[in-house]
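This report refers to the structure that appears directly beneath it.
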Amino acid sequence: MFKDIFRKTKYVTIQSAPSQKRSPSEPSPQEPPVISKRELPDGLWVKCPKCGEVLFTKNIEENARVCTTCEYHFRISARARLKLLVDENSFEEWDSEMISEDPMEFPGYKDKLLEAQEKSEMMEGVLTGRAAIEGVPVVLAFNEANFMMGSMGSVVGEKIVRAIERAIDLRLPVVIFSTSGGARMQEGILSLYQMAKTSAALGRLADEHLLYISVLTDPTFGGVTASYASLGDILIAEPNALIGFTGPRVIKQTMRQELPVGAQTAEFNQEHGLIDLIVERTQMRSALARLLLYHQEGAQYGATV
Amino acid sequence: MFKDIFRKTKYVTIQSAPSQKRSPSEPSPQEPPVISKRELPDGLWVKCPKCGEVLFTKNIEENARVCTTCEYHFRISARARLKLLVDENSFEEWDSEMISEDPMEFPGYKDKLLEAQEKSEMMEGVLTGRAAIEGVPVVLAFNEANFMMGSMGSVVGEKIVRAIERAIDLRLPVVIFSTSGGARMQEGILSLYQMAKTSAALGRLADEHLLYISVLTDPTFGGVTASYASLGDILIAEPNALIGFTGPRVIKQTMRQELPVGAQTAEFNQEHGLIDLIVERTQMRSALARLLLYHQEGAQYGATV
Amino acid sequence: MAQLFDFEKPIVELVQKISELKKFSAEKDIDLSQEVSTLEKKVSRLKKEIYGNLEPWQKVQIARHSERPNFYDYAPLLFEDFIELKGDRLFADDRSIAGGIALFHGIAVTVIAQVKGKDTKENIKRNFGMPHPEGYRKAVRLMDQAEKFGRPILTFIDTPGAACDLGAEERGQGEAIARCLLAMAGYRVPVISTVIGEGGSGGALALGVGNVVLMLENSFYSVIAPESCASILWKDTSKAKEAAAALKFTAQDLLRLGVADEIVREPLGGAHNNLHQTAEELSQVISKYLVRLRSETPESLREKRYQKLRSIGVYQDKDQDKFALDLTKGLD
Amino acid sequence: MAQLFDFEKPIVELVQKISELKKFSAEKDIDLSQEVSTLEKKVSRLKKEIYGNLEPWQKVQIARHSERPNFYDYAPLLFEDFIELKGDRLFADDRSIAGGIALFHGIAVTVIAQVKGKDTKENIKRNFGMPHPEGYRKAVRLMDQAEKFGRPILTFIDTPGAACDLGAEERGQGEAIARCLLAMAGYRVPVISTVIGEGGSGGALALGVGNVVLMLENSFYSVIAPESCASILWKDTSKAKEAAAALKFTAQDLLRLGVADEIVREPLGGAHNNLHQTAEELSQVISKYLVRLRSETPESLREKRYQKLRSIGVYQDKDQDKFALDLTKGLD
């Protein structure tokens, strides 16, 4: 009956109004996260940079690293995000042992890599694999902000491409969570071409009519915005995430142009037509599950694969 | 040799700088052409509305109805345009006997049609057929401004669709010269749906990888701009032609917004990325011939038809 | 009811009379139940008479009623879930067109709808339901995904027309609408277009290239606004009523002309008198056609949509046999 | 020569010496022809030594030379005809990217090129060769037509980088570049990308997804501008020279790294010393590759372009055998 249908109604919680503007200069993508993964567990308390409330670290951790007072989204590690998202014991990690070389013999790169491995407890800046979200199988990738600001070198590019190619083999949808300062300078032109490589792989995925959802999290900039992060069939952002091509500090230095308050936030990007949905972290699992589910049918009409 | 190649260099004369801005309020698409086809041959002299020069009518006619002093483009009838464009004796007209009914029994429509037929010396507002331009075979359509301001009713829509469908059968490119106030009010919803019908036919042409060049001439507005006139692989406009969706007078009345000087000119449209090329009438034949020629090869790479 | 039209006054007056009579009967303790009953029957007759024989201009008034339900009113009643997706990925998110993925009778569909505001503030946000090029480009973006993933498309038309301002001209309003028409004509998924209020000109048609075109009983769908038509014909916008009659744009006209496929019933007096009932009617009629269309092949859906468009138009062709010759000649 | 670099001074000084010597010889009527001849040989040696061993930073200086030929200088020398086509059909015509249809050795090709200005006025018009999203969208629009009509695509890269201002951010610079990459990777026509000057970061790469990547001898192609790199590494933009060396972005580096396929020779000292000679070299090398690529099938062109991209990257995979297992498990 008609009435029964209504009871099932569920809507994505969309924070569409840019009610809480954030200054573009603080924090910027070049800066370390407001509260790094390493800092947070050590301190008992933490001050929310948005509402100023002093909060129990434990409570924030339990609330998906979202402020319990104002819903400010703190940065979160790839593994912590994975845990919030997928069905228990469903994750199978891929290519976990891939590590970077130093093909340019770039000053200081080797040390930076070791530092990043220690800080992030990961071998490289992206976590890939397959899992299920509310029962729906999916290929996943997560950038790790604590690994050289999520920058994309050969390993990040290769792991993402492999994940996409395997999704094609397995005929599964792909969800990628981006957080990145851009292409990794230390691998020079090889990093730059990872943009083309990941985009090309996504072109193959699209040819196969497989769904790709790109989730942009704070911060996503540069070569990652200008490649896989922008190519989703559906683009989701977390509230208040800073997303752009050029970082606000570079724009200020290069163009002597001060960005208006709120520029490059998720809400700004949505107003400018660049983002489909803004979804709070606590709603992400449900939103993705529904979108994945509604795309499972498919391929009945339209160009058959 | 390398040097020899240079001598062959020919460039389309492109008037890209909007040097001669034209007031959007005069002449507007609702008004009759500055000098109608019927007026011009009768008078011995005519005053150029752009440079003010008083000119010999005969000289203008001989110069493709372009001012010999300032290159102002006067309006020109479909048949006169055809004559300027195609190889002698190459034109074969199609559907010349199709005429409009009065399906809505719309007040005054029947009289308007008779008037238009007399004024334009055509049965309806579009001339279609096939011809050759510098030896290259092509399907052509020309709106006739003197037939109810080139408005699109059932006959105009049907004739254009038939021309496109025959181009598909004959595997020929299509060139349409638009000049129109829009959909023809007097045939109500039937006129409106001619927009969808012509667009759908062009979709089929595109599926066949056949070239469509749309040439926008003064004035092109409303339902014609919002259908076949905007769907060319290549959009060419004549200098100073007024092109838009809503006429300046309606914008002024509805929105109380006065358009800036030069708005909706060909040059304005090109600055806003909406027009590929501005080509002077005297260069049109050569420009079309080259474009048609360069598309003859084709289909060697890319999705084979 | 906030907004009352002249033609509704006899009904309202009679209803008031009955109310007075009842009050009088109660106060004076006189039995007037038979008189009341007679009058109530008369109200019922009057309603059918008036609302059943609305003139085109009266339908325009109902279609533009300030409380007429818009897409956001229907959405939670029509769909089990609706995830709105925003933006053209180019310039802006146009709030006069809503789009997204919905669950309709258990089927994932792509929904595109024009949305007018309910008050001045909302109308400013939604530009009075008049989309800019970015709105049509959002629509094409989302419909292209429907095609990619094999989802049926439902469009809902409710606009006075496309935006007509400098910005719209600068960003290619004509091109944006034309692309919409071209795209919709080519899809191989079922497309159902429903006019739920005003169907104003090319701005409405942009979402109207369906395999099936449905119209709510009091909606209209016109090549030009009746006021503009009156202004051109008689240099007098106050003759909009006459223009409305001349344009033949009611649901009933369009059904007769073969443009609309079915009329969706509204409650007496218009959809605003009973949102739930209207939504249920909409749900049933759309579902009926969706079931039919889903049984067809992708190629047939595209071909039949083309043939439907192809057949629209009335003309005399004195020279029908000539082309066979022309074509033969052309092929040598 | 308007712009003179420090490393060129020894040559210029020697040339001046010779000139003085000749003048002295003529005035005093003393035969110094042998000395002059020796010195001229020395100049020739010096030129080869200096220009043949340019450091990365010196190449950057040549690539950015104010008189370095831009696309519009080469176009009439490379093509028998060139019809420029403008606009993205959405928002604007971006003059930092030129595009159109050209006739190259008798073959119709689609050409897309970044264009810097030659003076301040032109640079303002062309935004110093830094494209906005509308430039990349124009490129995709025109390249899509090349695919539709089976025309090879030639791109010419010459940009300090994509535009980095508020407007670029508002209109989706990242999306625009990403779409360019995606589109180019998918074409089934031959694509040849040539770096003719600066190849600055993602803004350059957007036109760089060729089957073949060519580089002029003194061009460079980098993930980041040397100044920005120095600023990040050493908080000192004046160390750009060191950064230039670290980034390994010269034509010679890229050939070694397998990103560039061939280096196109420039006249000694740079392309600005002989436009015609450079154009002829360009013409010959591009033609050579175009002939090769045109002999391949559309599917092979796409597949090989993908495999070329696929192979770019250097990494250690300790765990190469593991995936075979994973995949089997995944397929159950």
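Lettered A, B, C and D in written order, each chain numbered from 1.
Heads up, the rule we're going with is that a contact is a pair of C-beta atoms (placed from the backbone, for glycine too) under 8 Å apart; a residue touches a chain by one contact, two chains touch by 3 or more.
These numbers were taken from a predicted model, which means no experiment stands behind them.
Between subunit A and subunit C, the least number of touch steps comes to 1. Two chain pairs are in question, A-D and B-D; the one with more C-beta pairs in contact is A-D. Between the CA-based centres of subunit A and subunit D the separation comes to 33 Å, rounded to the whole angstrom.
The distance from the centre of subunit B to the centre of subunit D, each centre being the mean of the chain's C-alpha atoms, comes to 40 Å. A separation of 49 Å divides the Cα centre of subunit A from that of subunit B. Look at where the CA atoms of subunit C average out and do the same for subunit D: the two points lie 54 Å apart.
Residue positions 206, 272-274 of subunit B each touch two or more of the other chains. Multi-chain contact residues of subunit D (touching two or more other chains) are listed as 89-91, 171-172, 175.
The touch graph of the protein chains shown belongs to none of the named shapes.
Chain pairs that touch, as defined above: A-C, A-D, B-C, B-D, C-D. Every residue of subunit C that touches subunit A in the complex is listed here, in rising order: 76-77, 79-94, 101, 103, 107-108, 134, 138, 145-152, 187-190, 279-280, 283, 294, 298, 301. The touching residues of subunit C, when paired with subunit B in their complex, are 162, 164-166, 168-175, 177-179, 181-182, 184-186, 201-202, 205-206, 208-209, 221-224, 228-229, 232-233, 246-249, 253-254, 257, 259, 305-306, 309-310, 312-319, 322-323, 326-327, 329-331. Within the complex formed with subunit D, the subunit C residues making contact are 89-91, 133, 137, 171-172, 175. Residue ranges of subunit B in contact with subunit D, taken from their complex: 2, 5-6, 8-12, 14, 16, 206, 209, 211, 233-235, 270-277, 287, 290-291, 294-295, 297-304. Contacts from subunit B toward subunit C in the complex involve residues 92, 94-101, 103-104, 106-108, 130, 154-155, 157-158, 161-162, 166, 169-170, 183-185, 187-197, 199-200, 202-204, 206-207, 222-223, 225-231, 244-246, 250-251, 254-255, 257, 259-260, 263-264, 272-274.
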